[in-house]
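There are structures below to look over.
Shared between the two complexes below is subunit A, which pairs with subunit B and subunit C, respectively.
Moving on, here comes the complex of A and B:
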């Protein structure tokens, strides 16, 4: 399948190609950053209004107390699984084709967690008091409630952020050392500090290799537990169609699914924007597309199992939620979700002739839309149809929620653009022969 | 536990007049929602009267059910709060500590009775309603959750008065605003620990039912209805 393997290129050329994007910033680059920054400013204004006036500026109401913010939270934490899962699995199984993919994936993880982690704070009625969830010593000897799934969330996500930053940083060290002779003084200083005095001795290589293997194992377990805990925010409640034992694995599968889609999208964009056609080849897209197809099938299986059992059980309060999704006010979203998450990837990636880089990108965009809708369909219909039918309600978001959501997408873009300007987006040293640790 | 507060509501007596709703508003300093906010589902009524219709027109029967916080002994709202803003006190009340609430909404999402209310904005009262605030009840700021307290301020005052006069609390001495205002005498309030109290007897009667008792929340509001 591979037309050319980047591993076979001369190392001097690889270095030249992959370090080049660090030096020249085109006008297009800065215009994109400026445009994204203006979206971010709009989102900050929206958040400011929300903090000043109260949560009433959003579309939240009784009984729909959770809305876009929780959807965005689950969505971003889900995408963050791109990095860890792809990179850790491929590193542990020693898949050679992973080399140009891992860093792009690991960076997605860190940035998505930074963005997703903000939403639990944004959605608070009194967000300036968010630190009351942290167990810190205080004069009143008050502890947070460790029985609350929200506290499990806090612990899980902080662990995950810490782990994934380390996991991104470790494979950066040898590249930092290579860049320590950079000709821009402040960059030289930055890279030198970040290289931690790396000299490339045998001992250092072995230590690094072992550290990366260990982190890959740890981060895999953390990643799976994090999204399970996120699902428990819902599953631990007694609300109809939230209280489901399947939610843990269902959310993990959904997270990996959307994570791969995000990775494909980022890779396709980088390939075009930075001219990395030699490094991110059809081979990589083909492999990841197959993985996306597999996750699409798994997602469909879980969704089917979940809805089938609710439908057959025919319990009134559950059926009210079910009906509102299948044929009620949420039906257009539901069927769009099925189309985006299953039909499109199944056709575009399942038929070999149709599976190209372009169709992989199209399928990825569809999957991201579909997975956002999936989270929306978990949050809103359940809350809108509580057990007390007299209290049912409809959720109509306002511009505040749209602005804040848009700002986080822009924020992701800016973070990624800045990262790709400061650090090589493909691990350069991986292409060079270096001492390898035996298992 | 010296006291265990409970309430009974006789559905066969309730006329749906909503006097309890008005009394609760006045007693507990509940904000008045504008029509626009009410349309969005942002009203705050710690007690509401649900209407149920039976039969086909013109042979229709209307049934009313006042719904307030059921003060569950096994309350789904309590364990999910990360800051202990909602907890169980020693008299079985499900208490909301406004100062501890950061507004995660989780308690409201996990309440099967949907009887928790959020302060979407800073509370407002049209003139001259702000002049009749009850000094015994705090005004809640924007961003916190609130709900029926069984008029905890009246419970405290009743206990204090009895202690000052060095006598035991009499049954029926403490009445939440809704119970006090019910013209049909459909509601009773008292100590479930006292087997002779009116509410204990009614709760033990054959007409006593629980709202969604099958969920295992162990409510302390007992609805009395004629057995079918």
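Moving on, here comes the complex of A and C:
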């Protein structure tokens, strides 16, 4: 429960507290940025080597042609669902407790999509030819394959990125209009341009609230479709343990699950780093923890249903993949995944006495690790155990893939740190809109 | 211009002004946070939902037509199989429909809120203090005494006349 009701704080204090983090960066802030940037540079070097020498520098080889890059792609696109669930669903249901967490969630969505969207391009090898994906008329008479799920991905992610950026931008406008009067000259200019001359008239508020409600409905439908399309990258092939009708909802559930975990982690970090204890209260962590627990149970149910069906069918090619996960070379990853995604959240969040901000963050880290492993276990074992058993193989990633993967995590950190210095991480106008915090 | 700190007083003033013949289009309320009025006080009809649906249909339709044209533009021998299939392009149709909806909603928001339109820079815009709702009434000179009387009677503070430059 909340220890205090932040909405009852004086407006001047709310404004000061939420705008203060925008002013100066501490030494710790810049050291973190520098450390993250060095990891990003390492990733760029690795990508440069891959572009120069070709895909042979990675562990991708016959029969496992999809490795870390596709795992990372699915993982980041999955996390992007944080914004959709927390912001859109809670906005539509008018849950008051969502107010301090929506912007953090919406920012996660945009940054994760930016990062996730890079992976198909990195995975192409010849990244400079990525525009071949776009079905434009050309003299080479290349037939644009609109039936390819990869093209579906392109269209779906473009739609999602566009929608998410607008969904993040719209509620930022009133806050930027306020900031346009109060900050250093270059910021004043930036905020003035971005706030589009917002005056706070009832016509503007009315249009904003209507647009946000509509956008919440639209973005929700888009988000579900995006992760379903990502799942169809797998399910539309007749590979063992991929060709499943529940892959769409299974992926959506996993995506929301990892999205909530990412949001909890980000909120916990921001709460401490920016001194937002009065605004991101135990109440918010408690509610999000319950959601995380619910999604953990749902994820376990879907996983069990998927594996149980395969086991009962006892089809040889499917069982080869199944066995490699349960007791074969991938077993350590599989059982770690079950431990991280189910056992840890179930104990830490299911037992009320153990449910604290710290344990919620611990559970979130475990869930993120578990969900990355889940994506890995979907990609690698199936490709390593194709229907033609003589073509079986093992995937061993090289430092190139590790470096690029690490760089994307560092990239996420840098993007978020920069965002939190440029824009208030909690929507000030939304925060003070209702006088009483809903339980 | 007049400042209000309590919403019921502001609502009473708006109703009285409307009864005195001031059009709702000539009234604007400025605040640092959204003010929700009861129906009938200061309604702002919106066509945003309709625009979102129309934008969705138009963009989705255009995209599907584009896919159809692109697929028939390439000489591909298919052995009698249809080149274009709604099943195969269903995802693209769906996503572009949604994209159209997103873009038209955003575009209409900019239009309806007045952010995109050219504004009359001569009309004064009040500086609103936190917790204050400022009512701007646009009226002709003969109506000014009556408007001032209504605003004072409704409990407004800082009632001031500002000329349109």
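Points worth noting:
Note that in this section the second predicted complex is superposed on the first by the 423 of 439 C-alpha atoms of A that agree within 3 Å, B and C clash if a C-alpha of one lies under 4 Å from a C-alpha of the other, contacts with A are read in each partner's own complex, and residues count from 1 in each chain.
Assume contacts are C-beta pairs under 8 Å (C-beta built on N, C-alpha and C of every residue); 3 or more make two chains touch, one makes a residue touch a chain.
Here the structure is a predicted model, which is why all the values come from computation and not from measurement.
Aligning the two structures on subunit A places subunit B and subunit C next to each other without any clash. In the superposition on chain A, A:391 contacts subunit B only, with no contact to subunit C. In the superposed pair of complexes, A:89 makes contact with neither subunit B nor subunit C. Looking at the shared chain after the overlay, A:297 reaches neither subunit B nor subunit C. Look at A:229: by the touch rule set out above, it reaches subunit C but stays clear of subunit B. By the touch criterion defined above, A:343 reaches neither subunit B nor subunit C.
Using the contact criterion defined above for the overlaid structures, shared-chain residue A:211 touches subunit C, although it does not reach subunit B. Once chain A of one complex is fitted onto chain A of the other, the partner contacts of A:129 are limited to subunit B, with no touch recorded for subunit C.
In the overlay built on the shared chain, the residue A:151 is in contact with subunit B and with subunit C.
With subunit A as the corner point and C-alpha centres for all three chains, the angle toward subunit B and subunit C works out to 120 degrees, nearest 10. The least CA distance from subunit B to subunit C in the superposed model is 6 Å. Common to the subunit B and subunit C interfaces on subunit A are residues 143-144, 147, 149, 151.
Those residues of subunit A that touch subunit C in the complex are listed here as 11-12, 15, 135, 137, 141, 143-144, 146-147, 149, 151-152, 155-156, 158-159, 162-163, 166, 170, 174, 178, 196-211, 214-215, 218-219, 221-222, 225, 229, 232, 429, 432-433. Subunit C meets subunit A in the complex at residues 28-35, 37, 42, 44, 46, 48-49, 52, 67, 70-71, 73-76, 85, 88-89, 91-92, 94-96, 98-99, 101-103, 105-106, 108-110, 112-116, 119, 125, 128, 130-131. Across the complex, subunit B is touched by residues 53-56, 59-66, 120, 123-127, 129-130, 132-133, 142-145, 147-151, 154, 233, 236-239, 383, 386-388, 390-391, 393 of subunit A. Interface residues of subunit B, counted against subunit A in their complex, comprise 37, 40-43, 48, 50-51, 67, 76, 79-84, 100-106, 108-110, 112-114, 116-122, 141-145, 212, 215.
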